[in-house]
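Submitted below is the structure of interest, expressed as structure tokens.
Chain lettering (A, B, C and D) follows the sequence in which the chains are written, and residue indices restart at 1 in each chain.
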Amino acid sequence: MSPGELIIELFLMPLVAFVVGLGMVLMYRRIGARIQRRVGPPFFQPIYDIIKLYGKHTQISHGLIHEIGIIMAVGGYVAAETLLPVPGMSGLADKGGVVTLAYVMMIPSLGLALGVGQCANPNGSIGISRALTAMLAYDIPFILVIFGAAYVYGTTNLADIIAIQQQQGPGGWGIVQMPLLALAALLSLQGIMGKQPFEIYIAPAEIATGPMVEMSGKFMGGLFVMQCFQLYTVGVLYTTLFLGGGEYWLTFLPKIFSVVAIPMMIAFVFPRYRTEDVIRLLWKWPVLIALTGLAVVLR
Amino acid sequence: MSNELENIPIRQELEVLQSGQKRTNPLANVFDGLVKFCRSRSMFMLHYCTGCGAIELPPAMTSRFDMERLGIQPMVTPRQADILLITGYVSIKTLKRIILTYEQMGSPKYVIGICSCTVNGGMYWQSYATAKVLRDYLPVDVYIAGCMPRPEAVISGLRELMEDISSGRAESWKKYYQHYDYYLGNQQKLFGEDWQTPTDIIAEARHYDLMTEHTLGEHTALLEKHQKPLEALEMRLSVKDKQKV
Amino acid sequence: MNQLALLVALPLITAFLLPVVNRVSTLAARWLGPLVLLVTSAIGISLWSQLGDSAVAVELGGFRPPLGITLYADRLALLFALATSIGTLLLWPSRGEEWLRQSTLALILAASGSGLALSGDLFNIYVFYELVAVVSYGLIAARSSAGSFAATVRYLIVSSFGAALALTGIALVYQATGTLNLAQLSQLAPTHLNNLQGLAAFVLMLIGFGVKAELFPVNTWVPEVYATAPTRVSGLLAGVVSKLALLIIVRLLVLVFNQPEALTVMLVLGMLGVVTGELAAWRARDFNRMIAYSSIGQLGIMFIAFSIPGQAGVFAGLAVALHHLVVKPAMFLLAGRWQGSLDRLAGAARTSPLGAVLFILLALSLIGVPPLPGFWAKLLVMVNLMAQENTLYSVGAWVIMGGAALEANYLFRVASSFYHRSEQQTPPVAHRTRDLATASLLGAGLVAGAVLIMPLADEIEGVASQAANRDQYVQTVNPEALP
Amino acid sequence: MTPLDQLLALSALTVVAVWLIGNRQVTGWNATILYAAQGVLLMMMSDLGYGEVQSIASSLTFKVLGHGLHWRFDGLSWFFALITIGAAFLASWFASGEWGQRYRAAGGSLRLFHVALALNVFSMLVLLASGDLLSLFIGWELVSWASFLIMALGSATATRYAMRYVTYAFAGAMAVLMALVMVYTRSGSFEFQDFRDAVPAMSSGSLWMIVILFVAGFGVKMALIPFHLWQAKAYAETPGPGAAFLGAISSRMGLFALVVVLVQLVGVERLADLQLVFPFFSARDLLSWLAVLTLIFATFTALRQHDARRLLAWHGIGQGGYMLLGVLIADDLGSAGGLMHVFNHATYQAVLFMTVTAVIHRTGTSDLNKLGGLVTRMPLSFVAMLIGIIGLAGLPPMNGFVSKWLLYRALIIDGSPLLFLGSVVGTLGTILSVYKLIHNTFLGQLRLEHVEVEEAPSSMIWPMMILSTIVFVTGYFPGLVLDWVASAQAAVGLPVLAHNLGGVPSHKGGLDMIWVVSVLLAGFGIGALVFFSGGRSKRVHQLDNYAGGHFLTAETRYQYSDNFYPGLMHLIGPWYRKSFRWLERGFVSTVDTLSQAMQGFYRVVHPSFYLLVAVVSALTWVVAR
């Protein structure tokens, strides 16, 4: 691949991610509306929201770190997208691999944490404390899943992982090869996406949306952008590991949309767990399932 | 009090302001139009449920009327919100919080007074402990009268606000900066002379270039007398190695 | 070679002359003792250089053994005789009202100590041993306090019992062989003493002489005596006299009783000594008692080391003994102003910085931190212990290790308290210059030992190999005895 | 004189020179220059670091008691020496300016401090240079006592913790000595080569014993479980720059010695052959698990600390687990990860201790509940700490990530999910804890009494900035460090990692940090573009904050810091049972009881009775035989 093509890919991949992510946000809100028997927002609602937030006159900032936090939150995901191969574009998949990706995916939340920290709002800090605790909870099963996948495929290169699965057709997909790990991953996906029942760190009525409490205007807008990336990233990662990735966008898009649709549907019929219950739940069932799955694949 | 408000030539001034802001670049105008449109289609509301009127909001939000199809979502902090919904009577103690919250919202921001109590005190007009006329203290964009107004009325009020926003009429938030002295005066009458909020409105008015001759006055002078400095903590970067003698 | 007798005779005669001289001139009497010891030390050193690898035996009065009194000097004996003289000189009793009596006793101690080291037959050994014992009672009681008398009486009783036991052992030996000359015993031992009676005699002598050598369990006098006696006397007892008693036991082991059972008894008692001594020291709340218990532990290590069969054991034991010979007196010298409760020592480094540094140096060497000599001695012991087939020896190695770990703890607990800044307490007064100077001299010796470890090790190995050589002993004393 | 002789001589000279200059302000600067000179001498041996020369011997050799003593440097020693001298250089620089003035004014002796530091460096170099087991032990003891010296410099509290260290350390040293003697018995000498040759012939029982003793002894220094209790408090109480130095490298001496003994001499394969009762749990597994448990326990203990220095010190203990684990995996990736982590950890741990010291210097406290909001007042310190904690947490783009990546990759190849899980749990715990650190120190609400606080003085800022630059640059171009790591691997006989400037090329999933970091930076650039495309932001005061309509005042703190992770602690709080402290206390009281019994024995006033008993029993034994 020529450097020029690579550069184009590197620009295109986050852009695609953003656009698809907007669709996912819309889907999320539509799913919520349908489950609650509402109409839901109009098609362009995510864009309206983002433009409005960026267009606010007042952009309340608590200092430079507050701003850098948002930059890191968005920038981290922009970088993460280039490590995620999608149909026709491999980007930097061979430079980092799945372990790097898992760690790059932590950068946005830590950037956000920094930014929230400077707001000097205890609600925000409590939110971050809960979010990090939740991360400790969901990352344990998730990392076991990543271990299992990398071990089974014998590589951490996501492009190779896709290639291996596609060689064997749907029978060679990760979900068939290691169903238990796929299940555990799905459960921890709920946590990674921060959706109910694991959204205690937002808890609007209790801590006023936690980390977002002091976010106004483009700060909030940045977080909306980040949410698009986030939904996209988890969807693509799961698809890559377990659903054979994508050869064509036509097959790839339904896969990623259906992957993220599952946690979304779960989200709207659940209340939220307390932090300790989040940990208890995520350390118990997904970890048990993942360990069983590992025992199966390692045998 | 309310009579004084009538004397303020709000509309006129706003129009002058808007015409002054008219940009020369046609693309910029398109962009402004887009932003205005988006503002009207995406309203995050903070409902300050002070009284009985709040009960009408859930039906307006949920499946029967579904606010979200209009792009209206509830939000919980003033930072994120565009609309401040004040439902029902406002006691003096509550009013302090309302003003604080209002000042913490990011502009452009809109206030909707729901129920008669916010218009003229309603059934509480005799009470010593309630603020009767909300717009003496805050610029109100839309009143939705009724005791209580039905969800239909709420929705229609919101729709009216949407139209105001997209047509550029809902600019009352600027009034607060432009006539801060007036609002502050009313607030001081109610809360005493040492009344102060953490938000430095005068500095913000300067920041948004919304200073008029009415922004400052006798009341703001009173405020500045006792106001503790609340400038943001700027980063200080001075590295030196002091050598003690 | 007749100067050998001078080592014993000179101090002895001076001791008796001292009161007479005092009548003439107090000044002369005061300086006579140290002067004589200086002379004997010089004689010893000159003898050392003459001696080389050979040994020498002197029959006093020209009588041949078994009748005559034999003085035997190999480098080991000479070393200890020299150590006695120099040690007494360095730890010369301090001035005071009782100075005359003290000086006399110290001179007798030097004489009898040298005699003990140089004696070549059991009877003389017994006589000198008793003499040492009697003199030490006098020295210990010098402080004339109730505690000191009580300790002395206790010491006296145990010591006399011990002496009686030793005498019984000697009698048993004589009964079996008909001689007390060590050279002859050495020849007769394989046939006459390699039996129950021989072993019993050894056990009796081990326990008897062990009283002075702080052997478990006949060492219970140690903490009380060292805590109440003048610190210089304690230093002398712990540093020099205990080694002399040990020397006898080593001689007996090498020359007469080299059956494994004898070694086992010593090993077990030594281990018990280490365990009890170090453990007891760990909880000691009094400076003197702490180093007294520590001394019990160290002597235990020596017993363990000497119980290693062959030259290796003598070498290892000798190394530990010589190291202890330097360190322990120095410690007791520091105790001069630091005796009493350990809590009192907080902040002592402010008043006596050199003392504190010296203590740390001594402690480091005592627990065996490289590159100080204590480490090499300990390494030697460990290596040789582990080299033995018998697992009991490896247990000994473990015991020594554990003991050292405990010792590091309590010694450094004290050392670090020196540097505490406590506002409530006034730290103890500074050391006497004389004490500090002597201790510094010993400390410097220790450092020199670390620097010159290579020649020193070779030298000690030479001494040990000579000491472990039975044939040389027999041949020197009684040349015609061997075929 | 060989270059090694020159280095050791200069290092010894540093000690003397600093002593002679005495308790003056210039002492620190002189020491700094001398460390720089040592660094230059070390650089003259840089052929070692790039694997061009196998080893450089010292011309100094001794033969004591028939045991040869000699010293030499190889790739591994060079690598560790580089870290040592670098850490000492920067720590000494840090201590030379205002910190030193304040220290001296408060009654501390700069002479003693710098002598202690120089002594530490010297003893570490001696240890690193050791060419046989005996010189290893001598160096080991020197290091132990030198670090005791620097730890005991502080208050009475510091001395107490240093005492605890010395107790552990000396007991450990005795274990090492025991192991040495056992090796000597079996191989007949203290030479490395003879030990290596003797290993195959050793019975597994005695090898177990030797391994356990070595691990116990060296493990004390690197605070391996269960010998870890001393470290955090002792390091935390050490005077600031000293703590930075100790935290950076001191504990790693334990790792160095373990690498030499376990990897170079015994060999990890032999360890893997040493089976415990079960046929699937070997000595290697045991040690790996010790490493992982150390990591987890220490990290989660750190999470509970509210004193910044203790928090860091506990993390130092935990990070040691990664290093040992990496070395024990013993393939090219894992061991490179473990060894590289030594370097990485030294850089960020030093910078973290320095920032905390700077904060103490300015505010007088390191209590995380009494700080906050300092970012506006000490922005450069904040940046240094930020870079440090990202490194410590092991996230891209800092160097800590690279070493952890190598480790994870090796564990995946090795197929050890639980060890992998353990190390990830450690990383996650670290993230939680370091966020708490930076949040409670620099973020959140600025206290009234800290409004006038200034940025740290330049003598502190420079070392911090240099270290943070290293943390970032070696994360960007890990190949710089991996070169040295590779020659260290070669020196101890581990498989050498194939690497390039950007990381590890591999067709099975490699790492190219140049790309990853570049894309991350580009991402931040795009993020910034997106962000600044919005309107101009308006800074507000920290009290202009959403509080549910409540009016905030400066008198009432609006800050969340105490018990930072209540949800987590609610669940895992009861798991902190202080078991190890109980163990320690139990041991101490056992010794105490025994000691009491022994004193009782010596106090009893019937010595003659004992004599009689002794005689009778001894004679009975004689007769009974």
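Descriptive notes on the structure:
In this text, contacts are C-beta pairs under 8 Å (C-beta built on N, C-alpha and C of every residue); 3 or more make two chains touch, one makes a residue touch a chain.
Predicted model, so just to flag it, every value in this text is computed and none were measured.
With centres taken as mean C-alpha coordinates, the chain found closest to the middle of all protein C-alpha atoms is D. Centre-to-centre spacing of chain A and chain C amounts to 79 Å, using the average Cα coordinate of each chain. Spacing of chain B relative to chain C, judged by their CA centroids, is 96 angstrom. Inter-chain spacing, taken between the CA centroids of chain A and chain B, is 36 Å. Counting partner chains per residue, chain A has residues 55-60, 62-63, 208, 213-214, 217 touching two or more of them.
Shared contact sites, meaning residues of chain B that touch two or more other chains, fall at 77, 79, 104, 204, 232-233, 235. Contacting chain pairs in the structure are A-B, A-D, B-D, C-D. By the touch criterion stated above, chain D contacts chain A in their complex at residues 372-373, 375-376, 382, 386, 390, 393-396, 401, 405, 408-409, 411-412, 415, 417, 420-421, 424-425, 428-429, 431-432, 435, 438-439, 442-446, 502, 507-512, 515-516, 519-520, 522-528, 530-531, 533-540, 542, 544-548, 558-561, 564-568, 570-572.
Here chain A touches chain D in the complex through residues 10, 14, 53-63, 65, 67, 70-80, 82-83, 92, 94-100, 103-104, 106-107, 110, 113-114, 117-123, 125-126, 128-130, 132-133, 135-136, 139-140, 143-144, 147-148, 150-151, 154-157, 160, 200, 208, 213-214, 217-218, 221-222, 225, 274-276, 278-280, 291, 294, 298, going by the rule given at the top. Of all residues in chain C, only 154, 157-158, 161-162, 165, 196, 199-200, 203-204, 206-207, 211, 217-218, 220-223, 261, 265, 275-277, 279-280, 282-284, 293, 364, 367-371, 375-376, 378-380, 382-383, 385-387, 397-398, 401-402, 404-406, 408-409, 412-413, 416, 419-422, 453-454, 457, 461 touch chain D in the complex they form.
For chain D in complex with chain C, the touching residues are 62-65, 137-138, 141-142, 145, 152, 156, 159-160, 162-163, 166-167, 170-171, 174-175, 177-178, 181-182, 184-185, 591-592, 594-599, 601-602, 604-605, 607-608, 610-615, 618-619, 621-623, 625. Those residues of chain B that touch chain A in the shared complex are 34-35, 37-39, 41-42, 62-63, 66, 68-69, 71, 75-77, 79-80, 82, 104-109, 204, 208, 232-233, 235.
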